[in-house]
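Chain nomenclature is as follows: A, B, C and D, assigned in order of appearance, with residue numbering initiated at 1 for each chain independently.
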Amino acid sequence: MLEEMNEKCAVVGIFGHKEASKLAYFSLHALQHRGQEAAGISSSDGERLRTIKDRGLVMKVFNEQKLATLSGNSAIGHTRYSTAGDDSILDAQPVFARYDLGEMAIVHNGNLTNAKEVRDALIRKGAIFQTFMDTENLIHLIAKSEKEKLLDRIVDAVQRIEGAFSLVFLSRTKMFAMRDRNGFRPLSLGRLPNGGYIVASETCAFDLVGAQFIRDVEPGELLIFEPDKAPMSLQVFEPQPKKCIFEYVYFARPDSRVFGQSVYQMRKNMGVELAKVRPIEADMVIAVPDGGVPSAIGYAQASGIPYEMGIMRNHYIGRTFIEPTQEMRDLKVKMKLSPMTDVIKGKKIIVIDDSIVRGTTSRRIVKMLKEAGATEVHMRISSPPTTDPCFYGVDTPDKDKLIAANMTVDKICEFIEADSLAYLDENALLRSVNSTDDHYCTACFTGKYII
Amino acid sequence: MLEEMNEKCAVVGIFGHKEASKLAYFSLHALQHRGQEAAGISSSDGERLRTIKDRGLVMKVFNEQKLATLSGNSAIGHTRYSTAGDDSILDAQPVFARYDLGEMAIVHNGNLTNAKEVRDALIRKGAIFQTFMDTENLIHLIAKSEKEKLLDRIVDAVQRIEGAFSLVFLSRTKMFAMRDRNGFRPLSLGRLPNGGYIVASETCAFDLVGAQFIRDVEPGELLIFEPDKAPMSLQVFEPQPKKCIFEYVYFARPDSRVFGQSVYQMRKNMGVELAKVRPIEADMVIAVPDGGVPSAIGYAQASGIPYEMGIMRNHYIGRTFIEPTQEMRDLKVKMKLSPMTDVIKGKKIIVIDDSIVRGTTSRRIVKMLKEAGATEVHMRISSPPTTDPCFYGVDTPDKDKLIAANMTVDKICEFIEADSLAYLDENALLRSVNSTDDHYCTACFTGKYII
Amino acid sequence: MLEEMNEKCAVVGIFGHKEASKLAYFSLHALQHRGQEAAGISSSDGERLRTIKDRGLVMKVFNEQKLATLSGNSAIGHTRYSTAGDDSILDAQPVFARYDLGEMAIVHNGNLTNAKEVRDALIRKGAIFQTFMDTENLIHLIAKSEKEKLLDRIVDAVQRIEGAFSLVFLSRTKMFAMRDRNGFRPLSLGRLPNGGYIVASETCAFDLVGAQFIRDVEPGELLIFEPDKAPMSLQVFEPQPKKCIFEYVYFARPDSRVFGQSVYQMRKNMGVELAKVRPIEADMVIAVPDGGVPSAIGYAQASGIPYEMGIMRNHYIGRTFIEPTQEMRDLKVKMKLSPMTDVIKGKKIIVIDDSIVRGTTSRRIVKMLKEAGATEVHMRISSPPTTDPCFYGVDTPDKDKLIAANMTVDKICEFIEADSLAYLDENALLRSVNSTDDHYCTACFTGKYII
Amino acid sequence: MLEEMNEKCAVVGIFGHKEASKLAYFSLHALQHRGQEAAGISSSDGERLRTIKDRGLVMKVFNEQKLATLSGNSAIGHTRYSTAGDDSILDAQPVFARYDLGEMAIVHNGNLTNAKEVRDALIRKGAIFQTFMDTENLIHLIAKSEKEKLLDRIVDAVQRIEGAFSLVFLSRTKMFAMRDRNGFRPLSLGRLPNGGYIVASETCAFDLVGAQFIRDVEPGELLIFEPDKAPMSLQVFEPQPKKCIFEYVYFARPDSRVFGQSVYQMRKNMGVELAKVRPIEADMVIAVPDGGVPSAIGYAQASGIPYEMGIMRNHYIGRTFIEPTQEMRDLKVKMKLSPMTDVIKGKKIIVIDDSIVRGTTSRRIVKMLKEAGATEVHMRISSPPTTDPCFYGVDTPDKDKLIAANMTVDKICEFIEADSLAYLDENALLRSVNSTDDHYCTACFTGKYII
């Protein structure tokens, strides 16, 4: 898919470790794939909160000196994806506030569907909004709650918001972690090696800092972290799980365990299922890297057709502003992906990708493969046609830009100039992720949004 | 004085010019001496406000592309002095808010003396504060005012705050400029060459953009700028002028006209007055540059003692982090100031500075001059002893760090190892600025603060 | 292997294209894997040569404006790997010189084994060396040659040097490309889509700019490019091919065709051969990415054991200077590689890597896999033990640092704590690359250096 | 004059101090006014030379870590002015070379008039030139000299070159300092406080590092520095002093002692002489800062007309790439200079500048003063009309760009729209600098070049 849809953020929280901000830093690095535009960390030393946030990758935003100023035993962190312009620094997280109970900072992965209504209501009552993040709603709701204790106010506040939210709150002495009732976005709990706890969007963060996975924060659950206690759990909402199935399809790192299952294994399963859809004879199965690799391995194992590396990815990332020459076509794709000409020349190939968004990238990939000499290119997509935008924390194009919302599969096949095209259907996808109930959100494939 | 006390900010507002943000940019450059740590501009195109702000000098924060995004016919800007650390970006201005009447942005030069009380009261009512700037109080007060129109709300809001404030507000379609009832900090009104208006902390900004000075915004006056109208005036407070006399002594650029008078002329007058204080025979009058130059010229003219350039300033600014060698003493001063050895060797000199803050810099300067061969060094200060910190928008050390709060003039003379030391007394300073009433704040010399 | 040995450079030459420097730029980007420390391009407009070179990745060194100054129809470029310190900028290429025939620039991939003797002889005759690059020898030899024509002088010069060199020379009107008699380092010739030629270290550069592969520059061959002519060939030396087999093992990009064969295919062949060496039952074959992936695929296909993604690579590159906490072990490896815990837990795995250099990285990888739950870890290396340093253009540790120079395979296995360890032997490696003669240099495995 | 002509460089050498490179760093900072484009230092620890050089101000090029790598008891440094483009890094100094006697580094202030002939001759003998600096000639001449000892070779080499050169050479164990026979450019010798020596272009460098001025290096003199010895002197050429009088007029820092006399005092003398030329009644004397200030003070003292600060300089340097609006005229000058409107309004003023180069800047200054309300503007120039370009180390426009080469004084007065204009004549200028012989070069005013 090559970055046409993007997870909007990652969150992390560290509690009860004397180098909390350093652990947050390394965790954010492990979660960098969920947002590359800005990064931030707030820490508390029990007396006051300190926040550093800026544009750029985690490694660029922080250095030894900055981390040293973020002292204290607890810290929360955030990486952000953003399409915004030069003023995006204003919209980096954590969001910090001084309010009547003291100081707090919040990080948020997700998207509030009633953000505008809540904000308008708050504004009518005299609130002011200084950023364009819907996360700002939360600090207002907490500040305005008439409850006495922060815990009660958080409960109050989250009952006013709707949509997708995996949240971590930091006060001077406590930390709170929460998932919305649907549990759209992931959030896992781990134990630090020498005591203390970590929560993070994905378990790959645990591995880097040596933490042990305990369990997921449950949909609708609020975890309360206090010094020298085990985390307490409060089930704020009755859980109605609607976990984002696209985390399995594309967003999460394959070495993460998300929603209790291995991302890599789910992707392999999708490949296995895909092998059953419109099976075809071919010389090899290849992947559009990196997203399509696990499914292609699964497809190959299930079909018996050899898996080959047919496309290579160039990882010297960075944007060039140099215009290509007249003869250099499809540069944008070719700067990132190269065909393995000697592998695919004269071959009939099955190419696995995770999804087709606008169609233009797939079209370029097919063209690239054919120009490299592939005799037939059969594209297989490890998810159903992406027909609907996401309102729960993923950056998707508008519906009119989604090719599958506007064309039949046959027409898409024609557009991308593939010899055949097949998608996984919704049921097969659900089977791949071992779903025996309706606990996954598949709205981007079905338009069935949760109210 | 060499940067021991600092004006905290400069503000500017442009209304009714199709390149408003560009004019704000050049104006801020002219006002850069009032704050070098951060810079920001908000503009309005009638539909929405856009803000760009960042750490660094004006020329570094903005480029052609960024200014292009700040479209519209009105703009406000700010430069900031700050001692804050890495998170200071959060405290740059303009402060932006969405609220029930739409969007606004504010820039502020000054300091609110009741900021904590107002903030605590607002927080008790559920407000949240996301920065450490007292300016944030204002957007809250405006948002929470029960008046219907922005103008009325601004009036409401400024009646709740105390202290020093020269403010410029920008809404989608209007601009407002205001000075506190005491008019501590300057703010002037000018006319742009092809229509439109400018307000700025100092008139040197007018000169660069080709604007004509009209008049000062008056203490307690609110100016309202609407499209295709002359600015309307509303006297919100009965004026009780207490203009910061230190603007004349040190802060303002000598080519500015501040509080209706030429800064350069006022400084020359101080030199003339100073020539009357403990007159002494000497070979020459020299200045501690750049602050002391106009007074030294005045002193020389009044005394008939020749003015010479006895100390040179190195303008390749920037901080070095290289430790000096053991033999290199007083490097910090010497990186900025060099003695003109051939001028002062064997000479009896009068050296003029604007003020003595901690005393250590003056001590180093006297030492430097003596080491360069001056036989006698008589220091003359173009203001009274600085005995009290400022609460009206100037960054001053605490009282226990102010040498004149803790030593007699004789003791100070001894400490700085000068052959004689004399200050201007309060009356002479007031005469220098043509004061015939008590319309100047002299609290830093007298401790007589306005309540 | 994870970057313990490094190809020292890449070279490229463009002739006969009106946007020559732009093509050089994109080609260098495709060759970035061969050197990340510095980059440079020289171009000629027929009148004079212009050179821009600096530290950093290709995309950072050049921008639209800089490329625009590099006008003309011919250009040569270089990327450089370097361990040097702050003064390394002095050692970036192209090397430029004005001399009696005008101006020239040279780029060089390789290493001259008689550099010191040649340099000393030149110095004795009054030459001065301004850098620490052995490439500087060449411009001296050309300048001092008594031949009249540049072509003859190049022939003269290259006859004086020994070792490994793939070179591209640029004069005001011509370009020359040359490989040493052994052809240690690769260099290929291609045709640009609308006329003109390209030479480059690897064919992956051709693919990006739309060029067609023609053939390799032959060992000992000099190609002469003149306007409006096909390249002329001059066989300067009788070829004695000793092509660097490590290009196949590790350095070259898998999508490149090097020494006439597909790099990917050679690596797959190595995996196939490896499957025959000490075969073992296992649950899966995994690779140390990215180097080991093709061989692992080949191994899996040959052995019938499933290929899985068992280790993931984090491509958000960059160095952190943050010290890990006490509990975070093996951070340096873990920042780059993560175990796929759910894949390997409880499994008996075969892990394929391209080579073992010092042994410490392999040790950490085995440990990481075991900590992730692998019950057995059998390491297979797709090349023979690396026992000897390279003197032909590869940055290798000294012999006493090479674990295989100092331990038996059994001892290495013990040291890296693997359950078994096996290497490919020299013959099997040669079979993998279809060698039926002794046309490959295997000195790093055998110590048999060419004199 | 405002930077229309520029000194091309500064040099410094430190010998016999354990923090030699640090002293070189601070000295270069003091000499920054002589070149802002690039800076470099070479040091020797007795075994080898190390060089760091890069684009940018001294403070930007070096940091603690880089200085630490420049270990050893001797160091030479250079700052460079340059109009060159992006490749200028190649032309930074020191120039380093390995040659038959070991290693050397050279820094050079000046310009060789026979550089092309020498270079062409060297090139004909097989030398190669890797930069565009004429300084490169010197390392070739030394390397090719048939003398055995470095000292003899230096003597050999400097006898082959003509023009202006103040040079410092560094070998592994010695340092050499040399001025051409005419002594065009300054070079002074000082003693470091705890032993060791310093040579520098201007004495202002001595003051910063606490060194004592001993004497100038004499025209044609070579100083040899060896460990634990006083510097030895060798008079290589019979001195024919032709010291650059423009050092007094504009280039040198006023606190420096150059050619044995105080720069400030010379400038004051020029002002005194100028007061005799076409005397005129006026309300005040003002200077074009910073160059004109000392002469204006001298003029005022001699004429009895008060000195005032009539133009202010903005020292927040840096280039803006923002286009001015249509109404903003003469922005380039106004960004740097502002009129003191309140001082000059309604006044008849004499304005002192050091020189007029193209005329356009002077024209803008006169216009600016008149727009600010000056009733009459009489311009007085503290040097004769600049009619001829400099070939001895100053960056001057071509003759056809020099207004005084193409217009009479009357015409220039008309062009710059002044009410009167007068220059100092050559004799008066010579009187100002106490010249009783023909020991100054005045070629830029007279066209009388030394052969």
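Assume a contact is a pair of C-beta atoms (placed from the backbone, for glycine too) under 8 Å apart; a residue touches a chain by one contact, two chains touch by 3 or more.
Since the structure is predicted, the reported quantities are computational estimates derived from the model, not experimental observations.
When chain centres are set by their Cα atoms, the one at the greatest distance from chain D is A.
Centre-to-centre spacing of chain A and chain B amounts to 48 Å, using the average Cα coordinate of each chain. Separation between the centroids of chain A and chain D, computed from CA atoms only, is 60 Å. The distance from the centre of chain B to the centre of chain D, each centre being the mean of the chain's C-alpha atoms, comes to 36 Å. Looking at chain D, one finds that none of its residues touch two or more other chains.
Here, these are the chain pairs in contact: A-B, A-C, B-D, C-D. Those residues of chain A lying in contact with chain C across their complex are 17, 19, 22-23, 25-26, 29-30, 32-33, 36, 57, 59-60, 62-64, 67, 192-194, 204, 207-210, 253-255, 257, 262, 264-265, 293-294, 297, 300-301, 306-309, 312, 314-329, 331, 334-335, 338-343.
Of all residues in chain A, only 50-52, 54, 65-66, 69, 85-87, 89-90, 95-100, 119, 123-124, 126-130, 139-140, 143-144 touch chain B in the complex they form.
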